[in-house]
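Chain naming follows the written order as A, B, C and D, and within any one chain the residues start at number 1.
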Amino acid sequence: MICFRSDYSQGAHPKVMEALMKTNLEHTDGYGLDPHCEHAGEMIKELIGLSDCEVHMMIGGTPCNITVIAASLKPYESVVALRTGHAYFHETGGVEATGHRIVAMDGINGKMTPELIDRAWEEYEDEHTPLPRLVYISQPTEIGSVYSRTEITAISEKCRERNMLFYIDGARLGTALTSRGNDLGIDELARLCDAFYIGGTKNGALFGEALVIRNKEMNDHFRFMIKRQSGLLAKGRLIGVQFEALLEHGKDSIFFEIAAHENRMAEKLRAGLEALNVGFFSDSQTNQSFPFFPTEVVKELEKDFFFYEWAPEKDGMTPIRLVTGWGTKESEVEAFVKRTAELLEKKKACNPG
Amino acid sequence: MICFRSDYSQGAHPKVMEALMKTNLEHTDGYGLDPHCEHAGEMIKELIGLSDCEVHMMIGGTPCNITVIAASLKPYESVVALRTGHAYFHETGGVEATGHRIVAMDGINGKMTPELIDRAWEEYEDEHTPLPRLVYISQPTEIGSVYSRTEITAISEKCRERNMLFYIDGARLGTALTSRGNDLGIDELARLCDAFYIGGTKNGALFGEALVIRNKEMNDHFRFMIKRQSGLLAKGRLIGVQFEALLEHGKDSIFFEIAAHENRMAEKLRAGLEALNVGFFSDSQTNQSFPFFPTEVVKELEKDFFFYEWAPEKDGMTPIRLVTGWGTKESEVEAFVKRTAELLEKKKACNPG
Amino acid sequence: MICFRSDYSQGAHPKVMEALMKTNLEHTDGYGLDPHCEHAGEMIKELIGLSDCEVHMMIGGTPCNITVIAASLKPYESVVALRTGHAYFHETGGVEATGHRIVAMDGINGKMTPELIDRAWEEYEDEHTPLPRLVYISQPTEIGSVYSRTEITAISEKCRERNMLFYIDGARLGTALTSRGNDLGIDELARLCDAFYIGGTKNGALFGEALVIRNKEMNDHFRFMIKRQSGLLAKGRLIGVQFEALLEHGKDSIFFEIAAHENRMAEKLRAGLEALNVGFFSDSQTNQSFPFFPTEVVKELEKDFFFYEWAPEKDGMTPIRLVTGWGTKESEVEAFVKRTAELLEKKKACNPG
Amino acid sequence: MICFRSDYSQGAHPKVMEALMKTNLEHTDGYGLDPHCEHAGEMIKELIGLSDCEVHMMIGGTPCNITVIAASLKPYESVVALRTGHAYFHETGGVEATGHRIVAMDGINGKMTPELIDRAWEEYEDEHTPLPRLVYISQPTEIGSVYSRTEITAISEKCRERNMLFYIDGARLGTALTSRGNDLGIDELARLCDAFYIGGTKNGALFGEALVIRNKEMNDHFRFMIKRQSGLLAKGRLIGVQFEALLEHGKDSIFFEIAAHENRMAEKLRAGLEALNVGFFSDSQTNQSFPFFPTEVVKELEKDFFFYEWAPEKDGMTPIRLVTGWGTKESEVEAFVKRTAELLEKKKACNPG
């Protein structure tokens, strides 16, 4: 069974495992107060060219999102996000569990825009309505596309105009940064938002994300908030050690290598499928691809490949999600394309019309 | 200044005040554990022809909505409501403050439908998404229209099919029940939902709503929930006394008289404006009317009348909300229509084209 | 049945009812944005001699406490209060419902002290523990005693030293201010804390409390918080009208007259019982009295009088709570003392030993 | 620097690391839906001899505690725990963040008893007070002592009598089970409570705890609750893999070996210090030891050893906490005892009196 199920289906990149083995017997203080977390934080500050910010080693993406939001908002304030945004769509109401509304907007091509933010404000009136205060987006988006520098800048400016905080979920940030069309460096991105995180889990780590907070108010007693939200890992250094391994050599680190590999494999996959005239329901530029096939082809593919059906069948076609990870092999991509070609061919033979 | 601002701009109907005066010196136990609340509850059970339900005297509509929802849902469950629904639109995120999402849907002509409920379920997947569990609607709707028996029955059946609770916000229920086109009696309505409330505040009381819960699970330890949500009034009998006054003589009580009066005044108002070719942005059948006028006419009207501008100006027209209350006089309605006629005439004279 | 059950067992003082009747037909804006609330707020500012504060008309004591706490604290901050404090003991965990701990301390003679605050801080360590941030006390205490100027000043200074907010629950503040031994004026009290409320419900109103917030941070978007916590009354002016009636003529107003009457009746009651050698389990100086009697005497008294048993029987004695209200009559007090005398006499006759 | 700081200062036991390495390249489904988690769950069911229960692989102890409590209680229900209990004392109010009170009791020798549970109920009255519903204890206690079978049985029976849930925090359960005086097997413990967890983090894992829920109501939609509380790990199998390694060979597994080693090292440490007439402020039977020393001795020890000062100095003595872990070496224990002996000797020489 070849797996395109997710970018978290395997363990960690060998260099990450090596670092964990190498430091395994060290004794350090717990809860992220250790030299590895400290050092990883410094590496990230250097990478983004900012010293005046705080870096927290977080256990996962959902804890990042929820803790940032709970720490940043007053009780009567709300979040503006897309209905497809991870914090709205895939965290079981964890944000609402902390008492805050997400004003859920339908995206435009899967993206947030300044106009959508304005539209969310139409729900605001006075003390009878929550006050929109934080814009949440993912880079890349949940359907694999990448915000351009112009797009992110426009959101950033709208946030400033509206006195809103701007937070970027970077679960797959590496793949955006190394995407072919990307024109927004991590240093620029860091300057355009108030906080963002660099995802490790889907980029070669066992787990862990590095949260960067530039806005001092959002960082107030932040470690209290991590603990209150259950996110403080006892052996916190594990995250620091992994980011040290991922980010060693900065722009030439395996963090970027892994992301570029994920993208390359996905591009190869899309190119192979496009050559077969397969359609896609999103214009992904990163490591997730969303082709659709006749449902019976999907059912056949599922015998050899492990992936998600992404949405219900429509007009006989079923969209699926194919994700490449740090360990995806070229041969696996080729096998998928080959098998798809066979199945489509066979189908055409049966239904020539 | 003549007031069409709201149906809560005056005090209580004289009979309600009289009942409060008459019982003022009585000593009773507090927090709703008194003979008046008990009696009012019995009157309501008789009115709806149900004995197997619980009636709670609540301090206001928002406490009703939020307490019912917080009491009914498990932490991972969500509410399905319209974006225009009061619990979503005008309660400052009070539902989310109790940890629950409202899945906010765009209404079809201001109404919830079975199709919209199905659409809300499209956001549901598995343990990564909240589980939709309660449908919230208002009868009449926030724009004054009334759900028909067929419409409410369809929602009720969809709820049963989906294993969802069905709760009806009846802040202005009296005006729905006495609306000309209404075909759904309160006894039927009570049987089609799991819980609903009969609004007093906007129907002649100083304050207070009578919450009817038929579903035993929703009623579990409900008084604990009222207190936890800050809604238990020390002199709780005040609500019971008011509902006794409102509901004496059942179907011939002042509760229905007041509601019918509110509707009658609103109909007269709408008829008067329609005769002037004024447009409306909602097809209200109850005591709220939503005409729109050239903005300069609105500004002139505001010198003599007190009302809300309902939405921003568009194409030179501004929609306003006119609400009639228990104390609205026929002469006040006539004054409004007359003044509008003058202003529109004058405007036509200036801009004959 | 003569009632010493509570100071909320009757309706409102006749002057309050008169004011409600007199203003009943006025049209005003809702939700506390009306001239009566405005005026009542001004009267209170004048009474306490402070202009630089905000006054909010609140629907009840529990909404006051919970809204103030939820509005003032960051998510990781906690309240320090007595186990007997109303916000801990009698509000069904409403504070915790907003996400905050109450560090519950055993009082010293029913009172908070600077030493107890220090002791609460012993539970604080670092990001693994909540940060104590607000001290909650009631004046008078829940057992009827009154904090002296020295005592309140000491708490106030400890709060300043510890960077804590100081909030005083004044549900029965009138009785403290008019208590025989009281040496702390309302103007001084206002200056020693960050926020407090003047209770109406137990001091002659139908309902309503006037919340005074001096600390600007605690007042941030406070009306949003009132609404979010379900406490914004549609016909909000009702509270303003009542406080206007209660506070007219300032220090010579019926607010103080009522409180003084409640105290006088309670003193007479205690003096009568003391003359019978009845013991008390608290040294009350206000309108609540806590005598204990042989349990069979309590059972006999319950045939003619309505009151709470305050704690379980111990050594054959049962403590009860007797509360006087604005409407308590001298003859009712006398009747209680007389009947008690008879019952104790009779008991002595039966058990001469 | 020799470390007695905590049992989470090193990485994982070599066999655990080996298992992680060995499975690193496998592809599995995420979020705990994989064969390793499944298998580890089966191993645990076998270990405790129960098939009718659910096992969840949790990311840490705090997420376990908070998720179980949030999933088990209705909004108006509360927890009874010791002030020293981890969920009260060291989780930054995470339980209150989910809306529930912890009724915090002073322990008797650091332990919960049926009498303390009864005392907590004295705070309960009716709808004005939270309803106590779940008893939380840690085995071993936070000060290292172990509940006997008799003690746990008594709590269990009290819970049944009071209709309360009984939950045991087993962060260091291994050390209780292998403690010299322990008379309560894990199979018996499992039957005496409704839910408990087997701690991995402090018993040789990198992280992860195995939560066992016997009570079906507590398990309702539990995975939704894990996600909502941010505790669902993407590469969830990592916890399963670690528990497979820890528990292979059941009662002869390294899980018990590690715990027994931790205890043995701690006993040696205590024996060595006792021989020097050092006093202890708790009668620990597991891997935490709490000796006290003259403060200047503590300061000298801190130059060579890394540990916590446990409480403020009193009468010149400072209590410290010494914790042994899976990697603690006999020579490290000996070094500590030796250095202590030297320092105490030196101090005696200086202050012969």
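Throughout what follows, a contact is a pair of C-beta atoms (placed from the backbone, for glycine too) under 8 Å apart; a residue touches a chain by one contact, two chains touch by 3 or more.
Because the structure is predicted, anything quoted here is derived from the model rather than measured.
Interface matching across C-D, B-D or A-D places the copy of A-B, with more than half of contact pairs shared by residue number, at C-D. When the interfaces B-C and A-C are ranked by how many C-beta pairs touch across them, B-C comes first.
We define each chain's centre as the mean of its Cα atoms; on that basis subunit A and subunit C are separated by 52 Å. Averaging C-alpha coordinates per chain places the centre of subunit C 43 Å away from that of subunit D.
Separating the centre of subunit B from that of subunit C, both taken as means of CA atoms, is a distance of 34 Å. Looking at subunit A, one finds that residues 75-76, 91-93, 97-99, 127-128, 130, 224, 227-228, 232 touch two or more other chains. Partner subunit C is touched in their complex by these residues of subunit D: 75-76, 78, 83, 89-93, 96-97, 99-104, 123, 125, 127-130. Chain contact summary for the complex, subunit C toward subunit A: residues 31, 70-71, 74-76, 98-99, 127-128, 130-131, 220-221, 223-228, 232. The part of subunit B that touches subunit C in the complex is made up of residues 1, 3, 5-6, 8-12, 14, 17, 20-21, 23-30, 59-63, 66-67, 91-94, 97-98, 201-202, 206-207, 224, 227-235, 238, 306, 327.
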